[in-house]
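Look for chain A in each of the two complexes below; its partner is chain B in the first and chain C in the second.
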Partner chain A sequence: MGAGHGHRLHFHGHSVVHRAPAHLKILLLLGFVLTVVATPREWYPVFGGYLALLLGVVLLARVPLTYLLPRMVVEVPFLLFAALMPFVAEGPRVALPLGGWEVSVSESGLMAAWGLAVKGTLGVLASLTLAATTEPTDVLRGLQRLRLPDLLVQIMGFMIRYLDVVTSDLGRMLTAMRSRGVDPRSPRHWPALARTLGALFVRSYERGERVHLAMLSRGYDGRLPGDAR
Partner chain B sequence: MTPVLEIRDLAFAYPDGHQALFGVDLHVHQGERVALLGPNGAGKTTLVLHLNGILSGETGHGDGSVAVSGLPVTKKNLLEIRRRVGVVFQDPDDQLFMGSVRADVAFGPANLGLKGAALEKRVLDALDRVGMADFADRPPHHLSFGQRRRVAVATVLAMEPEILVLDEPSSNLDPASRRELADILRDLDVTLLMVTHDLPYALELCPRAVVLSDGRVVADGRTYDALTDEALMRAHRLELPWGFDPRTIAVDSLPR
Partner chain C sequence: MHVPDGFLDAPTSVATGVVAAAGVGIALRRARAELDDRTAPMAGLVAAFVFAGQMINFPVGAGTSGHLLGGALAAVLVGPWTGALCISVVLLVQSLFMADGGLTALGTNITLMGLVGVVVGYAVFRLVLVVLPRKLGSVPVAAALGALVSVPAAATVFTLLFAIGGTADVSVGKVLAAMVGWHVVIGIGEAVVTGLVVSAVIASRPDLVHGARGLARRTALRTGEVAA
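For the complex of A and B:
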């Protein structure tokens, strides 16, 4: 519970991209992602252009790629799904040379996999770039300036604030499980893990009630005061 | 003179039927520092939640009245009551819910309608009083536990309360943070009600102690007298830490 450690996604810096107003960056990200998603997947060179544009922004922000790439693991489940598609999809099949072997895969599945992988990767990289160059509180302020309903902004704010608290709650519960000879990773002990997660939910819910009490005690009336942000 | 806090014949039962308070009477005058002592389950927290109207006869089955500087605690007066009574809860993670220390301390006064430079000044003054002004732009969850407890005190001080209510201020603090907080609390010029199990802390900071047991006030007098009354202590599950004897403390080092 010491002091220090910044947000895991934010990369401290003072570049043009870091200093740009948050609401502008959010709009650009949204525009970029929508454009990428709407681009027909057969336009291969265009995706190269998108990637070059994105890498240009990353370069301008002076965020090292070695910082962004490891954080792209969130995308792995989608990539696995994409890799499966050529094998399970129907339709005309093509032979694909794969390290001396000829593998017969579905042509439409292959296209779908390509589309999913390239659009997903571009989207994740763009989002990580926003996260790396913008403090979470600035993202919230940006969303607010974009007139996102206040309630949603409040909920996201609390999520950012309490993520570390809840994660460390979970960490302590897992340590306690291990200390009593239960390995949370072993499927044999998944029932115990499930009960722990249930307990974590109840704990967090009760914390929510206590936080609400503390807010009421300081005159909260349903709206976060604008000046306090 | 109107007491800052006037509790009359306060009784309360939770909606599930559990009766927590049976007719509590308590007056606290301006500038007093009072320790509220009692074993677990004595009703201390229930009493604290009545002071700013979180609980009242309207939410459960209750009787009696609470008034702060003459203003009765009722739904109609809640906002003003919550300005006058500053409650610091036990877990600072419950109290600090905004993204930065500055925003958190500003939350209360901004709810009271303060804006701009006046708000900024109020926030920095409050942080200064607990020695945390250098941390204004840090997110609360990046502070140490002792620092978070101090910021929690500042969030309440920023509302300029007439009475500061602390729930277990010394719990979970290491000895150095515990002493630093004591130094801060001693220097605050504010009426104080401190709920605690830490009897040496009560003796160090509060000249007066009120003992609550089973929802009743069973003693109200000098803290020194309560802690040296062995029959009273034993009857209400109060125990001094091993090796601590109030009688060995020089009389002129006790708070007045």
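For the complex of A and C:
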């Protein structure tokens, strides 16, 4: 069960972007997305500039775009919402040629959809770049340098450390359910799924207690030793 | 479904960020008072559990799927402060390590799901528990009702934020009707799963359920002579 400390987004590399200090990258990412969000959506060329800048960083990091693009699916539900905007928004309507038909859509809704889509996409791509070029432990160290409360960083550290352990625990339970003819997704089998989740909670909680005792026996006093992270 | 970047304008995002930071700060202090030096490993493991629970998708209908949000569930299982802390950490990790939910919308997401979802869920849970008979069987029912209310409550606050700092010209009434209507449906699923999970934990380890404290039947310690 000691497997899988790596995380799903990290792309191993030794580029300038990979080697840059994590706290710097977090600050740059925050500054970048804040700037993108604050930019008026009518400034079309500026967004092209943002995209070029971002693609430049990706190129510099030598992370293939084919690695990043499939991971942008987290954005899809939200793009659907954006696509809905022109149809539900108020204001003057314009005709939009759509596959041979002229569809009447709201002008301001069209602008809103453009704004949502472009800002959301830039945000996701920027966040993915950070996640792909920075080891989780480095992100934690960066957050610590940025004066995030120590306890919060510790909790995040434990969550990341045990994330794969707990999810693979659940994975095995779900496999066991499926092999007995239970479909965890179907509401018909929710009682079985709920008992599984209940058991998972008890297991995780007890694991937490054991980890705590193991830490105490190694001299834990509420702070982690500096080199452990 | 996390709010992404660009959904709310910059001032609103910064304002919710301040609210979220204050809320997480209070939750940190209260959780520490409750768990002492167990806080880091326990909250970390519970956060990992919440994350795992959120990975299971349910078909909601019309080809879309939803997943457990877990705010009310976490509040009932480990208490409101630790619960809010765990949900906030889950959102932080999802945003920073998985690009799920925008970094500028992190404050909004924590405010909605970590604070509003947990606080409303726990408040309803406590209120219902006052009305119901004082026994262990009431806890899952109260937890389910807490979950049922917490989801549309978070949706309502989102609509409020959207009215203040939204970037689309949609009538607030329409958004409110759509959001609340949709989230009542999600809330029903959340309520059923939350109630069932809480009752499953109570069946095996009632001592672990924070919301059931003082309700678990204590078995008297029996002492007697042992035959030699």
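Rule of thumb we're sticking to: the second predicted complex is superposed on the first by the 211 of 229 C-alpha atoms of A that agree within 3 Å, B and C clash if a C-alpha of one lies under 4 Å from a C-alpha of the other, contacts with A are read in each partner's own complex, and residues count from 1 in each chain.
Just so it is clear, contacts are C-beta pairs under 8 Å (C-beta built on N, C-alpha and C of every residue); 3 or more make two chains touch, one makes a residue touch a chain.
In this text, all values refer to a predicted model and were calculated from it rather than measured experimentally.
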{"item": "Partner chain in contact with A:187 - chain B first, chain C second, else both or neither", "value": "second"}
{"item": "First, second, both or neither for A:161, with chain B first and chain C second", "value": "both"}
{"item": "Which of chain B and chain C A:219 touches, first, second, both or neither", "value": "first"}
{"item": "Which partner reaches more residues of chain A (counting touched residues only), chain B or chain C", "value": "C"}
{"item": "Touching partner for A:137 - first (chain B), second (chain C), both, neither", "value": "first"}
{"item": "Residues of chain A at both interfaces, chain B in one complex, chain C in the other", "value": "136, 157-158, 160-162, 165, 207, 211, 215-216, 220-221, 224"}
{"item": "In the complex, chain A residues that touch chain B", "value": "1-6, 136-137, 140, 157-158, 160-162, 164-165, 207, 210-211, 213-221, 224-229"}
{"item": "Parts of chain C lying in touch with chain A, wherever the complex brings them together", "value": "1, 4-7, 9-10, 13, 24-25, 28, 32, 37-49, 51-53, 55-59, 64, 77, 85-86, 89-90, 92-93, 95-100, 102-104, 167-171, 174, 189, 192-193, 196-201, 203-205, 208"}
{"item": "In the complex with chain A, residue positions of chain B that touch it", "value": "49, 52, 54, 79, 82-83, 86-87, 89, 91, 93-95, 97-100, 103-104, 106-108, 110-112, 114-116, 119, 138-145, 147, 155-156, 159"}
{"item": "Chain A to chain C touching residues, read off their complex", "value": "7-9, 26, 29-30, 33-34, 36-38, 41, 71-72, 74-75, 77-78, 85, 88-91, 106, 108-109, 112-113, 115-116, 118-120, 122-124, 126-128, 130-131, 136, 139, 143, 149, 151-152, 154-163, 165-167, 169-170, 174, 184-185, 187, 190-191, 193-195, 197-202, 204-205, 207-209, 211-212, 215-216, 220-222, 224"}
